[in-house]
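You will see two complexes here that share chain A, one where it goes with chain B and one where it goes with chain C.
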Partner chain A sequence: MSADHDSLPAQALALAASATCPAWLADYRARAQRALQDTAFPGRKAEAWKYTSLHALTQSAALAAGATVSRASVPADDLPPLDAWRVVFVNGRYDATQSSLPAGGELIVAPLVSLPDAEQAHARALLALTDTARLPFAALNGAAFADGLLVRVPRGATAGKPLHVVFHATGDAPATAQACLLVSVEAQASLTLVEQYTGHGDNLFTNAVTAIDLARDARLVHARLDFADHRQFHVGSLHLNLQGGSRCDAWQLMTGSRLKRTDLACTLNGAGAELALKGAWLVGTDEHADTQARIDHAQPHGTSDQSWKGLVGGNGKAVFNGRIHIHPGAKQTSAELVNNNLLLSADAEVDTKPELEIYNDDVKCSHGATVGQLNETGVFYLQSRGIARPDAELMLALGFVNAMVDDVPVPGLAGWVHGRFARWFAQRSGRPGGSR
Partner chain B sequence: MLEIRNLHANVQGKEILKGLSLTIGSGEVHAIMGPNGSGKSTLAAVLSGRDGYEVTAGEILFNGEDITGLAPEERARKGMFLAFQYPVEIPGVSNLEFLKASLEQVRKAQGKDVWDAVTFMKKAREACTKVNLDQAFLKRGVNEGFSGGEKKRNEIMQMLLLEPALGILDETDSGLDIDALQVVAQGVNSLRDAGRSFVLVTHYQRLLDHIVPDHVHVLAGGRIVKSGGKELALELEEKGYGWLKDAAAAG
Partner chain C sequence: MSEPSSHQAPRPADPAGTEEASHLDKVIASSYEAGFVTAIESETLPPGLSEDVIRHISAKKNEPAWLLDWRLAAFRRWQGMTEPTWAHVHYPAVDFNAVSYYSAPKSMKDHPKSLDEVDPELLRTYEKLGIPLAEQAALAGVAVDAVFDSVSVATTFRGKLAEAGVIFCPISEAVREYPELVQKYLGSVVPQGDNFYAALNSAVFSDGSFVYIPKNTRCPMELSTYFRINEAKTGQFERTLIIADEGSYVSYLEGCTAPMRDENQLHAAVVELVALPGAQIKYSTVQNWYPGDEHGRGGIYNFVTKRGVCHDNARISWTQVETGSAITWKYPSVVLKGDNSVGEFYSVALTRNLQQADTGTKMIHLGRNTRSTIVSKGISVGRSSNAYRGLVRISPRAENARNHTQCDSLLIGDACGAHTFPYIESRNPTATVEHEATTSRVSEDQLFLCRARGIDAEKAVSMIVNGFCKEVFKELPMEFAVEAGKLLEVSLEGSVG
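Entry: the complex of A and B
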C-alpha cells in the first residue's frame, strides 16, 4: 500500500520531466515542478483525501506515460446538441479539425501552444490563480501540460454564442492527459461556457485544471460536465475568482468513475459578488466521486448559494465536503449550502460534510445535508397510476437529479443531460428500472 | 364491481381493519364516513395494494377476481383509481411526463389504443379545463408547490383522463372552497355511468349535496357499523358519530 503510494510522486515527476511546453510558460512550468517536488501526494491520512484512495490510479500504469494518441473524433453521441462555438482537445492536445473558433473580437479563443504574444500575460495571470501549493494534482498539471486553452471576453463584450470546450480522453494504452482551461471574463463582459470531459477506454487518467477570473460586474454561465467512461480516472480542480459585482451561475454535473475527484476553489474577492452553484453526482456500481467545494467569502455583500444532489446506487461511493469560509471583512455575507442524497441500494455510501468557518457576525449562513432513500409514498403514488415499481423508482430518482438542470440557460443542454442521467440509471445504478 | 368480504388488515403489525365487508355494484356511488382514525384511508390503501398494508384475512373481489395479491400498478391497470387524501409531490417529473407514462400503461393493459402525442395533449388540456386548472400545471413537477386545492383538482384531472371503472376518492373535498368542491363534483358526475362506480370517503355532508350517493356507510373501529341511504349522511351531520361508536365497541 505505502509502496505504491510512494511511487506516485516519482511517476508524476517522470511524467513532468518528459513534457514540453512553449517557452513563455517556462517560468510557470518551473514553479509547478518545484511545487510538485515539495508537496507530498496525499495519503489516506490527509483529511481532504480521507475517503478517496489513489491506489487504483497508482496501480493502473496510467501515470507512467503521457498520452500519445492525439487524433480521434469525439463520438457525436457524447456531445450535447448546442448552438455553440466548439473547441476539442484530444488527450490534452488541441484538435483543429474538430474545432470551430469564433472570428470576431467579442470572444478570443486560442490554444496555448500558438498563443499570440499579446495574450500571454492574460494566460499567466490566470495560471497564477491555480493553487498548486495546496493541490498536488494542480501542480502536476502545471508541470506536465502540453497545451491548453485561453478564453477571453474583452471588457464590456458579450460572447454571441456559448463556448463548448471538450476534453476527450481515448486510447488503448494506459496514459495520462493534462487538460488546462483558462478563462478571463473582463469587466462588464459576459460568457456562457460549457466545459465537458468525455472519454472512452480503460486506464486513462485525465488531470484537469480550470482557472476562471470574473472581473468587475462580469457575468458567467458555466456548466462543467463529466460523463466520461466509468473505467477512467479523473482528478480536476476549478479555481474561480469573482471580483466586485460579478456573478457566476455554475453547474457541476457528473457521473462517477473508478476515481473521480473534483476540487472547487471559489473566492468571492470583491464586494457584492454572487455565486449560484448547482451540482449533481450520479455514482453507481464500482464508481466513486469525491467533490470538495471550498468557497471563500473574502469581501463584503457577497452571496453564495449552493445546492448539490447525489444519487448513489450499487456499491458506489460519493464523497462531498462543502466548506464555506467567511473572512473577517466579509460583512453582510449570505451563504447557503444544501446537499441531499438518495441511496438506491444498501451498499451505496455517501460521506457528506458541510464545514463552516465564520469570522464575523454580520452574516446569514445556512447549511444542511441529508442522506435518504426513495420516498415510498411517491413510489406508491406512481404505482397507483399504473406505473410499475421499477419505472416508478426510475422516475422518482431521475426527477430528483433532473430538477437540478431544468434551469440551465443553454438551449439543448438540459434535455441532453436528462438523457445521460437516464442512461446512467439503466446501465450503472444497479437498479432494474432502466427498461423504459 | 367490488366485493369486500370480512377484510382484516394490519399496518406495522397493528390491526386496523377488523372484519370489513362491503359490496359495491356497477354504476353505484357509495359514501364512507366515519371519525378520524377509524381506518378510511387504510381501507383506500389496502384496496389499492399499498406495500406495508397487510391483508391478514378476508378477500377483495374486483369484477369477480381476488386482487389481494396484485401490485398497485396491476390494480390500476384493471381500472382502479385512488384520489389521494394527500397527493404526493414528485419533483423533477412533469405532470405531462407522468400522465403520459400512466396513460400508456393503463390504456395498453386495457386493450385501448394508446394516444398519439397530439391526441394526448388535446385530452390533457381538456381535462385541465374541466377541473379549472391552468394548463401551465401540465409542465410543472407533479403536485410540486401546488396549493391544497390545486393538488385535489390535479387528482380529478388524472381521473378524468384515466376513466377508471372504480374511483376511490379519499377526502378529496377536505380543504376545498365551494367553487373547487363543485369542480370536483362535476368531474365525478361527468364520469358517472352504469359501468363505473365510486367510493367517496368524506367527513362532510356538503359533498354529497353535489354527488348524490346511492349508499352511505359509517366506518368505525375498522369495520362498517352502519349503512343506509343518503339520508344517513344528514343524520350523521346532525348527531355526529358518538351514538355509533358504542355500537362499534359492542360489535
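Entry: the complex of A and C
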C-alpha cells in the first residue's frame, strides 16, 4: 500500500513540470514544487487520512493523465438559476464564452493567466495563505495549476450581484483538472460568492484550492457546492483568513463521489471575527466523502458556529473531523460545533471526530456529534396519516438535510439544492423511496 | 478573584491576582505529602532488558515453563515495536535500558505468615500513607493485597474470601496454584503484542493481583490493592487479572501513591477483566502518584493498558480519579462482545503544574443491544495539559447498540490546555451514538454567588469542582469517594484564578 502512495509524487511532479505559468507566479510555483518533493503522499497510518484511502486515486489513470484541453459547455441542468455574474472554468481553464464578467469597479474578476500587473500582488498574497506544507494536494495544485481566478472587492465596495464561479470537469479520457480560486474582500467590503464544482464522466480528478482573505470588517457569504458525477475524484481545500471584525457565513454542500476529500482551514486572525458554517453531505452507494474542518481561533473575541449534517446510504462512507483550536491569546472565544448523521442502510458507515484543543481558560466551547437512524416514531406518525413508508422516509431524510440550506441568502439557491438532494435520494441512497 | 470582571483586566495590574499568585506559589511549593523513601534493603536487578533478565525474573518467581515461553514471546514482539507517539503528551524519550526490571523487598524471603511478621519498616510506610493495614482491614471490612514494589507481602481476609470460594491472591501465587485459570485467561483480553507497553509488561511483569469469583457469587467484600513504587529507577510492571464467572459480582478498588523521586519512573501496568455471562465487575481507581515538581522534574510516567471483555448480559464499569503522574497514557476500555452487555466509564482527571494526561476510553460494540456510557470530567490547572481521547466503535452486527458520551472540561488558569479527541465509528444503522462535550471555566457568576454568601474563593472553587465531578464520584464506593473528594480539594488548593 505504501508503495502506491510513494509513487504519487513522481507522477505529480511529472505533471507539474509540464505546466506553464506566468512569470509573476514562478516563486509560488517553485515553493509548491519543493513542498511536493518533500511530501510522501499520506497512507492510512497518517492520522488525517485514517479513514480515507488514496488507493483508488493513485491507481487511476486520471492522476497520471494530466490536464485535458477539451472544451464543453456546462449543462444548464447543472447550474442553479441565479441572478449572478458567472465565471466558468472547463477542465481547469477559463472559458470566456460561458462567462459574464462584471464591468464596474466594485468587483474585480480576472483569470490568473491574463492578470493585470496591478493585481498580481493581491494574488500572491492570497496564494501565501495556502498551507502547501501541511496539505500535499494543495502543494500539487500549486505546482501544477494552469489557470485560476482572482476575485477582489475593493475597500468599502459592495458587489451588486452574487458571483458564481463554476469549475466544470468533463471528457471521455482520464484527466486531472487543477482549480484555483483566490478571493480578497477588502476592508468594509462585501461579497456573495457561490463556488461550484460540476462535471460528468468517469476517471476525472479535480484538485481544487480556494484561498479567501477577509480584511477588517469585511463580509462574505460563501456557498461551496459540489454535486459532480459520483464517479469522479475530488480533493479540495479552502483556506479562509478572517481579520478583525470580519464575518463569513459559509455553506458546504456536497454529494459523495468515488473519492471526495475537503480540507477547510479557517483562521480567525483578528479580534471579533465571526464564522458561521453549515454543511451537509449526502453519501450513497460506492461513494465516499471526507470533510476535515479546522478552525483556529488565534485572536480574542472570536465566534465560530458550525453545524454539519450527513445522510449516508448504500455502502457509502462519510468521514468528518471537526477540529477547533483555541490559541493562548484568544480570550473570550465562543466556539460551537454540532455534527449529526443518519445512517440509512446496513452497509453505510460514519466516522466522525469532533476535536477541541484549548489553551486558554476564558472560552466557551462545546461540540456534539450523533450517529443514528430515521426516527421510527416520526415515520409511524406520517404513516398513521396515510403517507406510505418510503415517502415518509424521504420526507424525514430530506427535511433533515434541507434545513442546512434553507437560510442561504442567495435567491434561487436553496430550492435548487433541495432538488439536488431529492435526486440523490432517488438515485444514490439505496432506499426504497429512491426507486420511485 | 476579587471582582467578577477582573478576568478582562490585564493580570499584572490586578492586585488580587498578585496575591493569588503568591498564595498559589506557596501551595505549589508545598511538598508532596506522600513523598518519602522507605529504607528497606531490596534485591534489585541491574538496569537493562534482555532475555536473560526475563529468565531471571521467571526463575526468581519459580514460574512454570509455559509462562517463561509466554514472556519471551512477548519480549520478541516488543523488540519489533516502536513507542506510540500519537498521544498529546511530550516527554523526553524513555531509555528502556536504564530501567531495572525486578525489585523485591529482601525480607520477603522469610515469607511472613501474618502481619506481625511483616517488616515493621514496611508497615510504617503504610501508616504514613494513612492505611494501617490491620486496622483498615478490620474497620472497613476491606481485604488489602498490598503491593510493595513488585512482590505482594501481606494479604488479609483470605479466609473469609476462601469461604465464598473467591480467589484473591498475588498473580505469582495464582500461577502456581491455579495454573489452568491463569493460562486460560492471561493475555486473553490484552494480547502480548497489543501495544508497545502491554508487550513490555507481558515480558517483564513482576506481580499484581489475581481475582476469581465463582459462578453466581457476590464477592462478600470490596477487594482493594494499594500499589506503591518504592525503589529508585525501578519500573513497576503490575499485571492484574480479574475473572468474574457467570452471574457473579465483584467490586475492586485500586489506589496509589508513590514516594518523591527526582528521576522519572516508568510504570506500565496491564489490567485484564473478564466478565463471563451475567457477571458484573466494578473497577475503581484513585491514582495519586508523584506528579513531578512545579518545573515538571520527576514524576511517574504512567503508561497503562486496561481492558475488559463483557460476555452476554455482563457489565463492566471503570471509575477513575486521576490526580497524579507526570505523564498519563491510559484508556480503560470495554469490549462488548456479548449481547445485552453494558460498559461504563466514569473519569475525573485533574492535572496541574506541568502534568500531562491523555486519557479516555474505548467502547467496542460487537454484540446486539449493547450499551455504553462515558462520563469524563477533565480539570486543567496551571500549565498542565489534559486530553480526553475516546473511541466508540459500533460494528456491523451490533444491532440496537447505544452509546452516550459526555465529556466536560474545566480550565483553571490561562496557561493550561484542555483537549478532546473523540473518535466515533458507526457501521450499524440501528445504533445510536451521542457525544457531547463542553469546555468552561469556573464562572465569575458562580464565584460571586458563593462569595456573596460568605464562602471564600478557595472553598467556592472546591465546591464548584466537586459539583462538576459529582456524576463520577457517585459511582465510587463510599469510602473511596470521600478520599477522592479530599484528594481533589488538596490538589486544587491555591489554584483559584
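Note that the second predicted complex is superposed on the first by the 432 of 436 C-alpha atoms of A that agree within 3 Å, B and C clash if a C-alpha of one lies under 4 Å from a C-alpha of the other, contacts with A are read in each partner's own complex, and residues count from 1 in each chain.
What we mean here is this: a residue touches a chain if its C-beta (ideal position, glycine included) is under 8 Å from a C-beta of that chain, and two chains touch if they have at least 3 such contacts.
Because the structure is a prediction, the values reported are computed rather than measured.
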{"item": "Superposition on chain A - do chain B and chain C clash or fit", "value": "fit"}
{"item": "Touched chain A residues, chain B compared with chain C", "value": "C"}
{"item": "Which of chain B and chain C A:412 touches, first, second, both or neither", "value": "neither"}
{"item": "Partner chain(s) touched by A:391 [first = chain B, second = chain C, both, neither]", "value": "first"}
{"item": "Contacts of A:349 with chain B and chain C, given as first, second, both or neither", "value": "second"}
{"item": "Partner chain in contact with A:154 - chain B first, chain C second, else both or neither", "value": "neither"}
{"item": "Contacts of A:361 with chain B and chain C, given as first, second, both or neither", "value": "second"}
{"item": "Touching partner for A:378 - first (chain B), second (chain C), both, neither", "value": "first"}
{"item": "Chain B versus chain C as contact partner of A:401, first or second or both or neither", "value": "first"}
{"item": "Partner chain(s) touched by A:102 [first = chain B, second = chain C, both, neither]", "value": "neither"}
{"item": "Three-chain overlay, closest Cα atoms of chain B and chain C, distance in Å", "value": "14"}
{"item": "List of chain B residues in touch with chain A within their complex", "value": "45, 48-52, 71-73, 75-77, 81-82, 84, 87-93, 97-98, 101-102, 105-106, 109, 141, 158, 162"}
{"item": "Residue ranges of chain A in contact with chain C within the complex", "value": "47, 328, 331-332, 341, 343-373"}
{"item": "Residues of chain C touching chain A in the complex", "value": "7-8, 86, 394, 396, 409, 411-441, 497"}
{"item": "Residues of chain A defined as touching chain B within the complex", "value": "375-378, 380-389, 391-392, 395-396, 398-403, 406, 436"}
